[in-house]
Every structure is written in C-alpha cells, then in structure tokens.
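Some structures to go through are shown next.
Two complexes follow with chain A in common, the first pairing it with chain B and the second with chain C.
Entry: the complex of A and B
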C-alpha cells in the first residue's frame, strides 16, 4: 500500500532527525553529507510513490489507521489526488533542497542547530499532506511550524533573527489556534475528527462561513496572506538558505494545501460570497507583496516578499475557482483551480532556484544587501545563469513556466462575465487588473534584483573576490531551471496530471491536453484561446540562431574591448553606478505615497557651511501600523496593568483567590 | 499545407523587410512636416547595413549577457511581430500564441533590454532601465485590460479570430473606443515616441530607450535598432488587425486576396505612420514623471472598458 511506504519514509526522516546529533561529533562536512543525502533519498522515495499515485500507476485510495496519538482516536493517513499533487510538490522541493545543502551546508557555522531539525521539518510537511483526520493534521502542522521556527533561530545571536523568531512563533500559534477552532466547528457536536466524517456531514451556512474565515486566518497566516504576512519576510530570510527555499517554496504551499483541503473538500458547497473574500485578499496580497519586494535591499527579504505576491496570485486563482464552483460551472472552476495549483507548483520550482542563488551569493560574499554586490555575473557565471532563468520564470515571461499558469488564470477571468452575481462582475475585472499589475511589477522587481546583484561592477571588495557556487549547488539550480523550461514548454502533461484533483474538488476537469497537435494547450476551445509553449520556444530558438548566423556569416564578427562610453565621461568608481535604491526611486515616487506613505526629507546646510547635506527616506509598513502596532500596544498596556498583581500583600492574594472561588461557584450555580 | 507554411514564412520576412521602411517613412514625413528635407525613406536600411559591417566595441566590464541580449531582444520581438496577423488571417501557426502571449513576448524582450542597460554599470544605463520598467508596470496591465476588452467582445484572445469577428460583426461599441485610445497610448509609450520619450534625442537626461542602448555599437546596435523598428511595426499591425481588419485575406482563399491583403496592409501602415507623425509634431514631450499619469489613463480606460463589458454585454 503506497501510503504505508510514505509513512515508512516519514519514519525514516524522523529517525534521521533523532540520529543527527550523534553524527555531529564527526567532521562537519561528512555529517552534513550523510544527513542531507539520507533526506534526499527518503524524499525521492515519497516523490516516486506520489507520482505513481497521481498518474494512476498504483491505487492509493485506502485509508491507513494507525494506533497513534490519543487512544480512542487513532491516526488516519490517506493519499488522494490532492494529497498526491502536494506530496510531489513537497518532496521535489525537499530533494532539491537536500542535494543543494550537501554543498551549501558545509559553510554552515552552526550545523548542530540545523541538522536535527531539517529532517523533522520535511517529515512534518509530508505528514500534513497525508493526514486524514484533524488530530494528526494539527500535530503535523505544529511539528512543521516548530521545527522551522528552530531553524529560523539557528543564527539567534543576531537580534534581528531573534525578533523574527518571536514574531513567527506568535503568528504560528495564532494560526494553529484558528485551525483548531475550524476543525472543531467542522467536527460538530459529535466530535468526529476524521476527514471522511467531516466531508459527509452537512454543515450549516454559518458554520461553513466561519470555517472559511478561520482557515483564512490559520492557513492564510502560514501562507503569507496580507495582512497576516508580517512574519514571513522576517522569518524566511533568517533561516539558512536551503531552509528559506523550503519555507518559501514548499511550506507556503502546504498552507495552501490546508486551505484547499478544508474549503474545497471538507466544508461543503461554497457560497458565492466566499470568492469575494478570497479574491479581494488574493489581489491585495499580490500587489502589496510585490510592491514591498521591489523596495527591498536585502536579497532574501526581497524573495520572501515576492513569495507573498505569488501566494496572492494562487489565491486569486482559488477565489475564481470558488466563484465558479458556487455557481455550478464545473469547467471554468476546473480551469481556475488547475491554474492555481499549477502556479503553486511553478512557484515552488523557481523560488527554490532563487533562494539557492541568494544562498550561493551569501556564501560567496557574506552579504545579503544588494547595494554591496554587483558584477557577480563574471565571478559566479553558473549561479548567475540559473538565477537569471529563475528571474525570467518568476517574472512570468514566455516560454518559461510562470507564464503558463498566469495565462491560464487570465483565461479563467475571461470566462467570468457569465457569473450572475453583481459583486463578482465588478470584482473579477479588478482582480484581473491587479494580477496584471503584480506581474508587471514582478518584472521590474527582478530586473532590479538581477541587475544590481549580478550586473555592473562590484560595489564592495567581497563582491569583487566572490567565487562561483560548488558543483552540488549549481547542479541543483540548473536542474530546477531545466524543469522550469520543460514545464513551461510542455505544460500539457502537468495540466493532465492535475485532472483528478479538479474532478475531486470541483466535479469537473479541463479537457485532456496531452494529445493535442503540436502540444498546445487549449483551456476551453480552439477558437477561444490556445498557447503552444513548445512552438514559441522553438520559434525563439530558431530565430535567435538564424539572426546570429546571418550576422556572423555575412557581416562583421570583430569585437574590440574599450572603456565604457557613458556619454564620454566614464567614471571608474563603482559608486557612480545606479544603485538599488535609485532604481526603485521612480516606482517609489509613483506608488510610494499611496502604498508606504513614503516621505523624503532633505536637509541642506546653509550656504557656506561645509557639512554634508542629508536625505532621509522613510517608508512605513501600513499593515503593521494599522493592525499590529495597536494590538501590540493593547497587549503591552494590559501587561503593564497586570504587573501590579505581582506586588500585592498575602491578604490581597488570599482575597483574590476567595473571590475567584466564589465567582466560579456562582457561575456553576447559574449554569446548572 | 505547403502554401500555409509559405504564407507564414512570407509574413515573417515581410515584417522584417517592412519594419525599417516604416521607420524611415515616419522620419521622412516628420522632417517634411517640420519643413526640413529629411533623409530618404531608405535611410534606415543604410544605417543598419553600415552598423552591421562595423566592428562591435564592447565595454571592458561587459559580460556575456551584454553580447547575447540583442539577439534575445530581437528574436522575441520578431516572433511576436510574426504572430500578429498582417495581410492574412488564420496563418498556419496563429494558434500557437494569442494576444496575451504577444504582450508577454514583448515583456521578455523588454526584460533583456533593461538588463543589458544595467550590464556595463553606468549611470545612464541604469536610469534608462529603471524608467523603462516604471513605464512597463503601467503599460503592461493597460495592455492586459485592452486584451480583456477585445477578447470579451470577440469571444477569443486569438488575433485571427478577433480580426475575422471584427470584419463580420463590426459594430460601434463604447468599450472598443476606449480600448483603441488605450492601445494608442500604450503603443506611444512602448515605442518611445513623443510625448513619452523622444526617438530623436541623444544625451538628454529625460531619455529612456536611448539611455539603455547607449553602450551598444556595431552589429549589436543594428540588431537592437531593427528590433525597435519591428516593435513599431508590431503595434501598427496590432491596431490594424483589431480595429481596421478589412482587406485581410482569409485562410486558403487563393492568390488574389493575398495580394490585396499585402496592398491594404502597406496602405494601413502608411496611414498609421502618417497619423503617428502628425500627432508627434503637434504635441510636446512631457516630463518623465507625467508619463505615469498618461499611462495610468490608458490603464483606467482599459479597465473602464472591461467593466462596461462585464456589467453589460451590449456596450
């Protein structure tokens, strides 16, 4: 039974985690190779099983009940189509991160703080996906949160990382609480925690609606939905880079899995207003995430904010799917759902590449601030190549994979005038505009990220002396880039693999794609829209080769090296280059006043005073200021007040205890 | 089948051959409107040939990306231009990509252009790239909104289908009018024309496009100039294909319609080029930070058109 094998692999991961501390006495490099290699093997096993289950090679339908956890409950595990898709996603990311870490982990300063938690983190994510009852789901979820928290805290001597860990822990606990309440509502008065029972039960409208809200809080906070995203850009960059890649590329997807599982599968038929909530949050998340990303100077934080953006795009797709599902339009719902899941998969691929690249840059230069980098394309050609590919993919440019999923979401939007509700008629085009805006901003964001980091001249001695990544890292990055390209030019097979999921969740599926001529994808009908990544790719390839050939054969191929022209006044000082902040300045000037309340204060010394002029730029995180600062203030104020309780006399404490007792007795009396 | 392939190939060659002519035509007409004699119409071809024969001078700090970007820019633009129906609809490969893909292909070419501008590490290149990306953050969503309008009216994002629909079911619609204005604004911005950017300027702090390609010379510059010419032609063809689709040959309709198609296409290009120049000579270039408002109006127009269509299918 495939699920048994998956659980064996998960148990193996736990065993690796338990044995990890023992290997630490050996030489660091060997211990890392051993542990990460074993993790890669376990993840490969699960990946193969999940692929086989998804493609229908093995029957994975049955539920396995293990006598674990609470004695009268047991723990249920099952692989259905949805779980198989996310197992593939989790373990593909897991294999890549583990192999990357074989090289990258050698530079880890404190391997003892990462190695034991890493396999447990992978195991936790896998368990969340295969769990088939609320109890095991929540335990696995909490496992995933706590192990990742431990790795966020790996470099805890840095005060910023400690703050990140604190915020993450608070948000994760809050999220789990919401999930607990959601499952409590779904289980109802009988308290049957198995997913099968929840699926079968009929839920009242208010129960289902509340569950949606709680899932948006619980899973949304883990996925990074605005305004619950504040921990994400702090915590993801704080962890070691391969863990950052897993958290951004994979753990946010596990959160999306939780949302899809409950909202599409367990909560019963959706009401149309659910999609309004999800679409609104998704659109805001996409735009706000990328606006923040384009302003960041820290490369890893930039990538974390771009994760927020992509989660928003996935939620736009999910919102559309909910809207169509609520109106019993199975075909369009399948298109939107497939697009959303496809985008989640794509994001896990290219975000892993980008975080791996950021890790390689960090190892080579010791810097995350892109203002201190530059010119790395000559010193780190392999990393630069893969990172460029990742940038192209995440900026949704054809023929890579990011474009295909966003194209499918746009096609789903074009089907939505048929929706009967007026609210959706106004909202969906706005969501489409936000999606297009976010995609365009992502282009600007990644031109800036790549251009400042890898192009130009080095802005610091560290950047000038950088070394290219090791073979493991660059090999993994290039393999993932190859996957991005293959998925981008042959999306048909991915779409067909997602067929059973949309059958399961929205009761319909997109037309089969893999037998179409020239491997084009046709979401609805050929007269409506079609796209052939393969053909576009071939066209581009052939015309590029043709252009190079013609010009080199029939014209000049001579090249002369000379100093840069720069309008006749080249300056050898690298500080005269355009910086990351100056690149973002036009965008900040246009969008900043609205999105960040950005202010620029210039203080000029009076004439004759030789002291330097100052320019102070302030950006405010409005989400933090609006939601979190007041809450934190209230909590602090209450804590301050309660502080008095610690300095009372013994008589006061005794009377307090007495009062509490009387109060409780009165309550019991009234209640009974 | 063979004929289909021939027609498709002919279109690829045709757009490549006509692009410099269109650019040269606009320059000549503009000079005449400014009471100058101006260069001959074929001057752009001569410039390109001269550039191609010269050696390429690379800055010391230029990387492999700098050398390869021109070809990537050119091929993405060429493929996009070849996918827009010009003189015939239903070309053999027309289903390979729709209007959204054409938009995104132009995005790919812009991505490489902006990176190439930053490669040498000069302040001019950076300023050009930064502003180009600012414009694109408004122009691209505006373009997607235009796609929405057209696709909702015609029920397809395939350009061939759209052209056929517009010929067969042509009616005046408010939303299409909004989309046309938005498309013209986007086209002006994307091709670095007045009032957003001045194609004739050099060494000026407000320039955008020219700043990015300042370090290019020789064959690389020629390839980029050709790509820019192709882009102008592409937007002209796009406006022609969506809003004035008359005269295009239908699939497998014989030789004569094809000839008529080519002839009307050339006439459309000439008319479009003349109107462009007339507009350019009658307006001043705007400050660079006014351009976002100009482009934002295109986005709003496109969005308004889409909303009208969502709310009522009859506008």
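Entry: the complex of A and C
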C-alpha cells in the first residue's frame, strides 16, 4: 500500500531527526552530508510513490488507520489525487533543498541548531498532506510550525531574528487556533473528526461560511495572505537559506493545500460570495506583496515578499475556481483550479532556485543588502545564470513555466462574462487587472534584484572577492532551472497529471492536452486561445541565434575594453552606479505615499559646514500600522492593567479562588 | 431502618456544618483548636455511621484515622506549636462575626441549591451528604479567606479537608486507598506548614500573614 510506504519514509525522517544530534560530535561536513543525504533519500522515496499515485501507476486509494492520537479515532492517513499533487510538490522541494544543503550546510555556523529540526520539518509537512482526520492534520500542522520556528531561531543572537521568531510564533498559534475552530465546526455536534465523515455531512450555510473565514485566517496566515503576511517577510529570511527556500517554496503551499482541502473538499458546495472574498484578498495580496518586494533592499526579504505576491496569484486562481464551481460551470472551474495548482507548483520550483541563489550569495559575501553587492556575474557565473533563469521564470516570461500558469489564470478570468452574478462580472476583470499589474511589477522587481546584485561593479570588497557556489548547490539550481524549462515547454503533461484533482474537487476537468499538435495547450477551445511552449521556445531560440549571427556578421567581432561613459566624469568609485533605491524610485514616487506613507527627509548642513547633506527615506508598513499596532497596543494595555495581579497578598489570591468557585457554583445553581 | 439510617447520617453531617460555623467565629487560639478537634470527632462519627450503614469495613479504618490523627495528634501538635509560637493569648480580629456568619449561611444555601439541581436523580443519601460536605468545604475556604493568623488558616484548611473526607465516604464504593492517601497528604501538608510557620516566625517575629505582606511592600 503506497500510503504505508510514505509513512515509513516519514518515520525514517523522524529517525534521522532523532539521530542527528549524535552525528554532531563527528566532523561537521560529514555530519551534514550524512543527514541531508538521508533526507534527500527519504524524500525521493515519497516523491516516487506520489508521482506513481498521481499518474495512476499504483492504486493509492484506501485509508490507513494507525492506533495513535485520539483513542476513539486513531490516526488516519490517505493519499488521494490532491494529496499526491502536494506530496510531489513538498518532496521535490525537499529533495532539492536537501541536496543543496549538502554543499550549503558546510558554511552553517551552528549546524546543531538546524540539523535535528530539518528532517522533522520535512516529516511534518508530509504528514499534513497525507493526514485524513482533523486531529492528525492539526498535530502535523503545529509540528511543522514549531520545527520551522526552531530553525528561524537558529541564529538567535541577532535581535531581529528573535523578533521574527516571536511574531512567527504568535501568528502560527493564532492560525492553528483558527484551524481548530474550523474543524470543530465541520465535525459538528457528533464530533467525528475523520475527513470522510466531514465530507459526507451536510453543513449549514453559516457553518460553511464561517469555516471559509476561519480557513482564510488559519491557512491564510501560514500562506501569507494580506493582512496576515506580516510574519512571513521577517521569518523566511531569518532561517538558513535552504530552510528559507522550503518555507517559502513549500510550506506556503502546504498552507494552500490545507485551504483547498477544507474549502473545496470538506466544506460542501460553495456559495458564490465566497469567491468574492477570496478573489479580493488574493488581488490585494498579489499587488501589495510585489509592491513591497520592489522596495526591499534585503535580497532574501525581497524574495519573501515576492512569495506573498505569488500566494496572492494562487488565491486569485482558487477564487475563480470557487466562483465557477458555485455556478456549476465545471470546465472553467477545472481550468482555474488547475492553473492555481500549477502556479503553486511552479512557484515552488523557481522560488527554490532564487532562495538557493540568495543563499549562495550570502555565503560568498556575507551580505543580504543588495546595495552592497554588484558585479557578481563575473565572480559567480554559475549562480548568476541560474538566478537569472529563476528571475525570468518568476517574472512570467515565456517559454518558462511561470508564464504558462499565469496565462492560464488570465484565460480563466476571460471566461468571467459567463458568470451570472453581476458582482462577479465586475470583480473578476478587476482581479485580472490586479494580476496583470502584479505580473508587470514582478518583472520590474526581478530586473532590479538581478541587475543590482549581479551586474555593474562590486559595491563592497566582499562582493569583489566572492567565490562561486559549490558543485552541489549550483548543480541543484541548474537542475531546478531545467525542470522550469521542461515544465514551461511541455505543460501538457502537468495539466493532464492534474486531471484527477479537478475531477475530485470541482467535478470536471480540462480537456486532455497531451496529444494536441505542436504540443500546444488549449484551455477551452481551439477557437479561443492556445499556447505552445515548444513553438515559442523554438522561435526564441532561432530568432536569438539569427540576431547573434546578424550582429556578428554585420558588426565588428572585436572586443573593446574602455572606461564606461558616465557624463564625462570618470569616477572609479562604485557608489556612483545606479542603485537599487534609484531603480525603485519611480514606483515609489507613484505608490509610496499611498501604500507606504513614504517620506523623504533632506537635512542640509548650514552654509559653511563641510559635512554632507543627508537624504533619509522612511517607508511604513500600513498593514502593520492599521491592524497590528492597535492590537498589540490593546494587549499591552490589558497586560499592564492585569500586571498588579502578580503582587497581591496570599489572602487576596485565596479570596479570588474562593470568589471564582462561588461564582461557578452560582452559575450551576442558576442554569443547571 | 433505612429511614433512620438516612436521618442519622444527615444529623451527623449537619453536625459537621454546625461545628464549621463554630469554627468561623472562634477568635481564641485554644478555643479554635478545641472546636477543630470536635470537628474531627464528628467527622469520625459520621464516617463510622457510614461504615455501619454501607456495611463497608474499610470505612472503619478511615474513621479510626480521623479520630487518632485529626482529633488527637494534630490538635495536640498545633497546641504545642501555638504555645511555642507564643500566640496563645492572641485574640484575632475577624472581620465581624455577623457578616461572616451571614456569608456562611449564604454558602450553605448555595451548596444545597447546587446539589439539588446538579444531582437531582442521584441516591438521596449520597446527594444530601454531598450538599452538606460541599457546605463544609466552602465554610473551610471562607475561614481561610477571612483569617489573618497563619494558624487559623491551617485550621481552615484542615476543616476543608474534613469536608472532602465526608464527601468521599458518602459516595458508595470509594476505595480505601484514596481515603488513606488523602489522610497522609494532609499529614504531610501539616508537617510542611508547621515547618513554614516556624520559619516565618523566625523571620518576621509574627505569624500574622499581614506582616509578610507588609514586609514585601513594593507594589500593592
């Protein structure tokens, strides 16, 4: 039974986690290689099983009940089509991160703080996906949160990381609480926590609606939906880079899995207004995420904000799927759902490349601030080209994979006039506009990220002396990039592999794509639209080749080296280059006052004073200011008020206990 | 016979409530200890009666423990302690007898109402015993709350524990081991508290807990 093998692999991951501390007494590099290699092997096993289950090679049906957890329930595990898709996603990311870490982990200053938690984190994510009852799901979910929290706190000497860990812990607990309430509502008065029972039960409208809200809070806070995203740009960069890649590329997807599982599978048929909520939140998330990303100077934080954007895009797709499903339009719903899941998969691929690249840059230079980097393409060509590929993919340029999934979501948006509700008819095109806007800004964002980091001249001595990444890390990055390209050129097979999921969740599927001419994909019908990654790829290949030929034949072949022209003042100082902040300036000019309440303060020295003039730019996170600061203030005020309860006399404490007891007895007497 | 058994059990349990009220207004140390001994004697009588009625031999053991430990050993030890502490002449100012008694009456009424509500379909002998036991417990708590002197607070605690034993014996089939362990835990608590009392006195020259709070000072 495949599920049994998956659980064996998960148990193996737990065993690796338990054994990890023992290997630490040996030489560091060997310990890391051993642990990460074993993790990669376990993840490969699950990956193979999940792929086989998804493609129908093995029959994965059937629930495995283990006598763990709640005594009357046991722990149920099952692989259905949806779980198989996300198992593939989790373990592909897991294999990549583990192999990358074989090289990257050698530079880790405190491996003992990462090694034991890393396998446990992988195990937790796998368990969330295969869990088939609410109890195991929640335990695995919380386990996943706590192990990743431990790795966020790996470098806890940094006050910023401690703050990140604190915010993350608060948000994760809040999210789990929401999930707990959602499952409690779904289980109903009988309290049957098996997913099969929840799926079978009929839920009242208000129950299903409340469950949607709670899932948006619970899964949304883990995935990074605005306004619950605040922990994400703090926590993801704080972890070691391979863990950042897993958290950003994979853990957010596990959260999306939780949302899809409950809202599409367990909560019963959706009402049309659900899609309004999901679409609105998704659009806001996409745009705000990318706007923040454009402004960031910290490379890893930029990537984390870009994760927020991509989660928003996935939620736009899910919202569309809900809208079509509520109106019993199975075909379009299948298109939207497939596109959303496809984008989730793609994002896990290219976000892993980008975080791996950021990690390589971080180990080579010790810097995350892109204003201190530059010129790395000459020092670290392997990393630079892989990172460039990741940037192209995430900026949704054909023929890479990011384009296909965003194009499919836009195709689904174009079907919105067929929706009967007027609210949706207006909202969906607006969401489409937001999506297009976010995609454009993402392009700008990654031009900036790549250009400032890898092009130009080095802005610091560390950047000037950087070494290229080791063979493991660059190899993994290139392999993932190859996957991005293959998936981008041959999306047909991915779409067909997602067929059973849309069958399961929206009761319909996209037309089969594998055997179409030119390997093109046709989301709805040939007359509307089609896209062939292969043709686009060939066209780009041939036209580039031609352009190079033409240039070389008709222009000079000679390489000339000369000082760069800069307005007649050849200044050797690299600080005179175009900076990241100057690149972002036009966007900041337009959106800054609205989205960030940006302020620029210029301090000029008095006449005669030779000290330099200073320009101070301040950006504020409005979400933090409007939502979190007041809540934190209220909590603090209440805590301050309750603080004097710590300093009462013994007799007062006794009196309090006594009063509470009498009060409870009074309640029993009155209401019992 | 049944009717009589019920009435006798009620009378003994009611007697414990009455003695609890007597504890509430005692403001002299020796008087307090004497009444506490009386409390324990009534408890042992009640337990013995339950042993007879329920035909449960192990309850005799409980009754014996109650007489020996609570009616003799603990009061005698407390008496010696009070003499060594030099507080035997202290007259405690309790917040006013009248209000305290009124509160006590209110608590008894509350526990009656609660039990009649909550255990409406239970065995009447168990139910009313439980109501009276709950009153004893609440009165013990009330005493701990209203007293300043650490010794009186101990006596309040001990009488509260007597209420627990009363409740436990009223229910049929409570295993002996539970009762014995409760008895021993009380003994241990007694020893620990005794040690603490002397330590407190050493430090603060008083066993009035108010002194400790004053000494701590700072934030109130």
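Please note the rule applied: the second predicted complex is superposed on the first by the 661 of 672 C-alpha atoms of A that agree within 3 Å, B and C clash if a C-alpha of one lies under 4 Å from a C-alpha of the other, contacts with A are read in each partner's own complex, and residues count from 1 in each chain.
In this section, a residue touches a chain if its C-beta (ideal position, glycine included) is under 8 Å from a C-beta of that chain, and two chains touch if they have at least 3 such contacts.
The model shown is predicted, which means the values in this text are computed figures rather than measured ones.
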Practice item. Using the touch criterion from the header, give the chain among chain B and chain C with more contacted residues in chain A. Key: B
Practice item. Tell me which partner A:641 touches in the superposition: chain B (first), chain C (second), both or neither. Key: neither
Check your understanding: Taking the superposition as given, does A:157 touch the first partner, chain B, the second, chain C, both, or neither?
Key -> neither
Check your understanding: Does chain B (first) or chain C (second) touch A:662, or do both, or does neither?
Key -> second
Review point. Does chain B (first) or chain C (second) touch A:654, or do both, or does neither?
Key: second
Exercise for review: May I ask you to decide whether A:582 touches chain B, chain C, both, or neither, giving the answer as first, second, both or neither?
Suggested key: first
Practice item. Mind sorting out which residues of chain A both chain B and chain C touch, each in its own complex? Key: none
Review point. In the complex formed with chain A, which residues of chain C make contact?
Key: 107, 110-111, 113-114, 117-118, 138, 141-142, 144-145, 148, 209-210, 212-213, 218-220
Exercise for review: Please name which positions on chain A make contact with chain C in the complex.
Suggested key: 644, 647, 649-651, 654-655, 657-658, 661-662, 665-666, 668-669, 672
Study note, to complete from the structure: Interface with chain B, chain A side, in the complex: residues 374-375, 377-378, 381, 388, 392, 395-398, 403, 407, 410-411, 413-414, 416-417, 422, 425-426, 428-430, 432-433, 436-437, 439-441, 443-444, 446-448, 450-452, 455-457, 518, 520, 526-532, 535-536, 539-540, 543-544, 547-548, 551, 555-556, 558-567, 570, 574, 576-579, 582-587, 589-590
Check your understanding: Which residues, counting only chain B, touch chain A once they are in their complex?
Key -> 52-61, 63-65, 71-72, 74-76, 78-79, 82, 93, 95-98, 100-101, 104-105, 107-108, 110-111, 114-115, 118-127, 129-131, 133-134, 136-141, 143-145, 147-148, 151-152, 155-158, 161, 203, 214-215, 218-219, 222-223, 288-289, 292, 299, 303, 306-307, 309-311, 313
